[in-house]
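Here subunit A shows up in two complexes: once beside subunit B, once beside subunit C.
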Partner chain A sequence: MTDVAADTRPAEADPARTERMVLTGLLALPALFLTVLSLVPLLLLLQLSVAHHDEGGLWRPSLELTQYAKLLNPQFLKVAAFSISLAIGTAIVSVAIAFPAAYFISRMKRRAQVAWLVFLLSTLSLSEVLIVFSFQVLLSGAGAMVKTLMALGLMSSAHSLYPSFGAVQACLIYVVLPYIILFLYPAVSQLDDDIPAAASTMGASPVWTFLTVTTPIVRGPLLSAGLLVVIWTVGTYLTPLVLGRPQNWTIGVQISNAAMTTGDLPLAAAQAVALVCAMVGLLGLTRWLSGQKDAQA
Partner chain B sequence: MTLISTLLRRGFLALVALFIAAPLIVVIGVSFNATRRMSFPPTQLSLKWYKAFFTDAEWVSSLQTSLTISALAASLAVLIALPIAYAVWRYQSRIAQALAGAGSGLFLLPGVVTALMFSAFWGVVGHVGRVENVVLSHAVILLGVPIAMLSVGFQSIDRALIEAAQTMGARDSEAFNMVVRPAMAPYILCALVYVFVLSLNEYLIAYMVAGFNVQTLPIRIFASMRSGYQPTMCVGAVLFIALGFSAFSFLAWIGDLPKLMGRHRPLEN
Partner chain C sequence: MFGLEITGVTKAFGAHKAVDDVSLAIPQGEFVCFLGPSGCGKTTLMRMIAGLETPGQGTIALNGKDITRQPANVRKFGMVFQSLALFPHLTVGENIAFSLRLQGKDARQRKARIEELLTLVRLPDMEKRAVSQLSGGQRQRVAIARALAQEPPVFLLDEPFSALDAKLREEMQIELRLLQKRLKITTILVTHDQREAMSMADTIAVMGEGRIQQHGGPLSIYRDPANKFVANFIGLSNLLPVEVLDKDTVRFGANILKVASTPEASRPSTLATLSIRPEDIQITSADQAQDNTVACKITFVRDMGSSVEVHLDCEGRDLLSVVQPRDWTGAGAGDIAHLRLPQNQCRVLAA
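And now, the complex of A and B:
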């Protein structure tokens, strides 16, 4: 009995040591998992981007910048600029739709809110592969969209609405919309209803109040949402491939083709690293922009 | 004024709902359509594509592959995320915070970049075209989701409750069982379902780490795009939608879905 008491005392006497042991036990496996499956692949990507490409899909370790030099060709820069502008366009439109939608949903009665959440979450079960397929069906010459436009007199002769830039853009907005509504939901549900109410008693219109009072409060989440959309869509592959013309193909199509078709892994890796650098730059810019606005306020 | 804004609000939400529902309606419609032509709305209803799906060994095996990969990836991701989120909350551990950051980091990279990363990784490891590649890659890439959800869950626990349990003489482990476990159960379930659904529908990473060797349902559909669509592929999608709908409805039934999705402010009925 005394032995047991003697054994437990030091552990109780030194809580810091116990805590360290508990933490080691908790975190050893996650740390190993993340090192092997996250850090190693990331370092490999960096190594690959400076490797030497041999013919036939082979590569050997090296320290050369030939792949990065290839990125400077105007063709690639054009694709990169197009991808980033497509992603930013998707971000602006999807956040502009998702923000008021999330706001209205968060103001509903519980049952309606739960129904909307289940609906939004269920749509995540539709793979992008099938979303693209549905858009093909909807936008085809005999599809529902063309019929509606003809009935409204907005279209004179039936023809397929894809491949086109508009089809790519609409499909990308569709893919991200439920995610962004769900992403913004916590932030907008926290908003206080008293402030807009006060503004409207002073005679401000609801839309004006929403834009000038409500929006600035959730500026941070809105910017983060936009950034997420840019990151998710800048490397999009399937949508532009199926619904777009070759000039609508993105950097995602380029990277996958370099890796899977041409077998030029070092070039694909260099393109991927450049893309990540661009995203980090954008992240910095967004941080700086929201910081600037905070400083003004 | 109020009437107009109510109408505008309802009209806007109806349009958003229609936009979001449209592809679901198309997929469901095509799966019940009697003809092979991809027309919408369907001309005549039929269950023949369902019969074709379940009598075709390849479609059924794709369905099984998809479900297995997603179940394993979801379990693994939640198992890894749970100790990290717990250590951040309970001990404010710096290492755990760093791991949480690293774990969320991959989710914040463009999908094509992570796909390339893992395709190169498994190539160098010399382990190409295997199911476990997809499971491990999905688990680590989607790790940000359970980390975020479980952190929200831990933050929703009232620390005063734990202190109360401890002042009443409960040990750490007892307080854990009384307070932490029941509070976290719905968040864990929610994270599992969420990762499951995301993994179920992911095709680019699965394709780039396993090629056409591991035929998940999205990859089979992706492959069939080259040879022309068959209505059969919509059957699998309808099953997935039904599965997602049931799982999230179940969550809403057993738990407080608005709270699980991050709402802090209480919501009256």
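And now, the complex of A and C:
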């Protein structure tokens, strides 16, 4: 009997090992692609950021930090701070709109839910370029928005609503909103309807329930959605360029100017690296913050 | 009236009437079970009592005051949900203190009440635990403690034990009943489990098709079902089609049977249903044949050890008799048995 058992043991281990090998083989290719496609450009960018800038848009390999030193000038820091605050503002407003929207859609009848989701998915087919230029038409002096505001008596004389900070902010929110609603929909539709009902039998008003029960339960997805918006919009380029004044221009516009107008590729690379570092720092901070909260709970 | 009074309550979802003209009076401190199959409207009725649904028609009154239009957060009837609906982001203590916080109780009062309730449900020192760290039975008790924290005038439980295994369920049923007796709180429990209803409730409201089919004490409902639905749903019943001959005689096929009494509405030669419990049917040998005896063919015998189930074919109808092992003659499938149907156990219901 013991002999038989000893014989079967290696045979039992075999399928598991084969499965692992097949899995490794299958995952090797995507892993390789990911490494090559994300790491190689990042390394090239790093190399370029420490290169020496020659006049006339040229550069030669070097190992100097002069470009990084240039980042410390107040003008660049101001633009960087503006970009990050614009991204965070967009994140807060879009999540604040998308969360209740996703919640109400998930509580509709099946048919209405499908109609809303199809509508949201179809708006994703609009490219950012198309949206930005549509906003330009909409907000122009002869556009529909101005006419409506005039008709309502909210505006005394017809003038264009762009370039302005408001136009940039509104357009960015419009662009990210359908993504965020679709992103939050699965989490929100899994919420147990009995939970708000239980809160109300204990004396909580609907608004109080939404703020103190429903929202904290989906805190994780809300935070992820906010981060996603920050990462998407911090490097935005076209929207501030078309709909904003120069003081509303973001780090994206700054990088483009450094690379294309001034021809200082190493400086543009250093600015891009700084942006990536800021994002990694933000991600770390959020993780740490949510970890702290979980530890408290 | 002191207690809860439901009058002519109706609730329709589209064309479907979930609750149809229900009236019920529950005296203060009574334990009532809403018992019925799924889809009979019992949960909808409970949600209307809690204020989570608004009746289409009818009124709900508490201690004589009409509360039909009062929202759930004003009524504050403690409710335990089937899913329990514990708040996953809060600890056990914070879950229990949710209503206390809304009442404006300070930290010291909250702590004292949490400790009192956790002792009551036998979960001392669990205050700081996360809900996710608890077992099924512990969650159940936290949900009960949370619903009782605000000292509700009415305590509602919607199939609270359905997710527990059989042993734990029985334990929790006993615990809840003892707790209810101690607190003397008006309690309504929704269940589809007749054993649960029979063992816990002061009175049972049997629900079917959106209506209360019968309301009364557990034994009176079991002994004296009001109609075919109740006879079928509460315990096992043999239901036989009969023709009424006079006020205590019916005809079943070729057999003339004496019965307890026929419904007042039924006149001679109308059709009715004879109901008799399996344990009330006596199997006798042919030579003992007396009145109220019918001859049947045994189709199947199931010896369960503590009792014997005998399935019979009687005038083309399936019949079930449950006998004690010591009374069992040992006959097998295909044998002819003589069944005595005691007159006072034969109830005639509307067809």
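Note that the second predicted complex is superposed on the first by the 271 of 297 C-alpha atoms of A that agree within 3 Å, B and C clash if a C-alpha of one lies under 4 Å from a C-alpha of the other, contacts with A are read in each partner's own complex, and residues count from 1 in each chain.
Basically, contacts are C-beta pairs under 8 Å (C-beta built on N, C-alpha and C of every residue); 3 or more make two chains touch, one makes a residue touch a chain.
No experiment lies behind these values; they were computed from the predicted model shown.
Chemist: So in the superposed three-chain picture, is A:V40 touching just subunit B, just subunit C, both, or none of them (first/second/both/neither)?
Modeler: first
Chemist: Is A:L154 contacted by the first partner subunit B, the second partner subunit C, both or neither?
Modeler: It touches nothing on subunit B or subunit C.
Chemist: So, does A:A204 touch the first partner subunit B, the second partner subunit C, both, or neither?
Modeler: So A:A204 only meets subunit C here.
Chemist: Would you mind checking which one, subunit B or subunit C, touches more residues on subunit A?
Modeler: It is B that touches the greater number of subunit A residues.
Chemist: Just to be sure I read the superposition right, which of the two partners does A:L126 touch: subunit B = first, subunit C = second, or both, or neither?
Modeler: A:L126 contacts subunit B only, not subunit C.
Chemist: Please indicate which partner A:P216 is in contact with in the superposed arrangement: first for subunit B, second for subunit C, both, or neither.
Modeler: second
Chemist: When the two structures are overlaid on chain A, which partner does A:D194 contact: first (subunit B), second (subunit C), both, or neither?
Modeler: second
Chemist: Following superposition on chain A, which residues of subunit A contact subunit B and also contact subunit C?
Modeler: Subunit A residues touching both partners: 205-206.
Chemist: Per the contact definition, I'd like the list of subunit A residues that touch subunit B in the complex.
Modeler: Going through subunit A, the ones touching subunit B are 19, 22-23, 26-27, 29-31, 33-34, 37-42, 44-45, 48, 97, 100-101, 104-106, 109-111, 113-114, 117-131, 133-138, 140, 142-144, 174, 177-178, 182, 185-186, 189-190, 205-207, 228, 231-232, 234-238, 242, 251-252, 255-256, 259-260, 265, 268-269, 272, 275-276, 279.
Chemist: Please name which positions on subunit B make contact with subunit A in the complex.
Modeler: For this pair, the touching residues of subunit B are 1, 5, 9, 12-13, 16-17, 19-24, 26-27, 30, 38-41, 80-81, 83-84, 86-87, 91, 93, 95-96, 99, 102-103, 105-106, 108-113, 115-121, 123-124, 136-137, 139-140, 143, 152, 194, 197-198, 200-204, 208, 217-218, 221-222, 225, 229, 233-234, 237, 240-241, 243-245, 248-249, 252, 257-258, 261-265, 267-269.
Chemist: Hey, which residues of subunit A end up touching subunit C in the complex?
Modeler: Subunit A residues touching subunit C: 192, 194-195, 197-206, 208, 213, 216-217, 219, 297.
Chemist: Spell out the residues on subunit C that touch subunit A in their complex, using ranges where they run on.
Modeler: Result: residues 50-52, 71-79, 81-85, 87-91, 98-99, 102-103, 130, 146-147, 149-150, 156 of subunit C touch subunit A.
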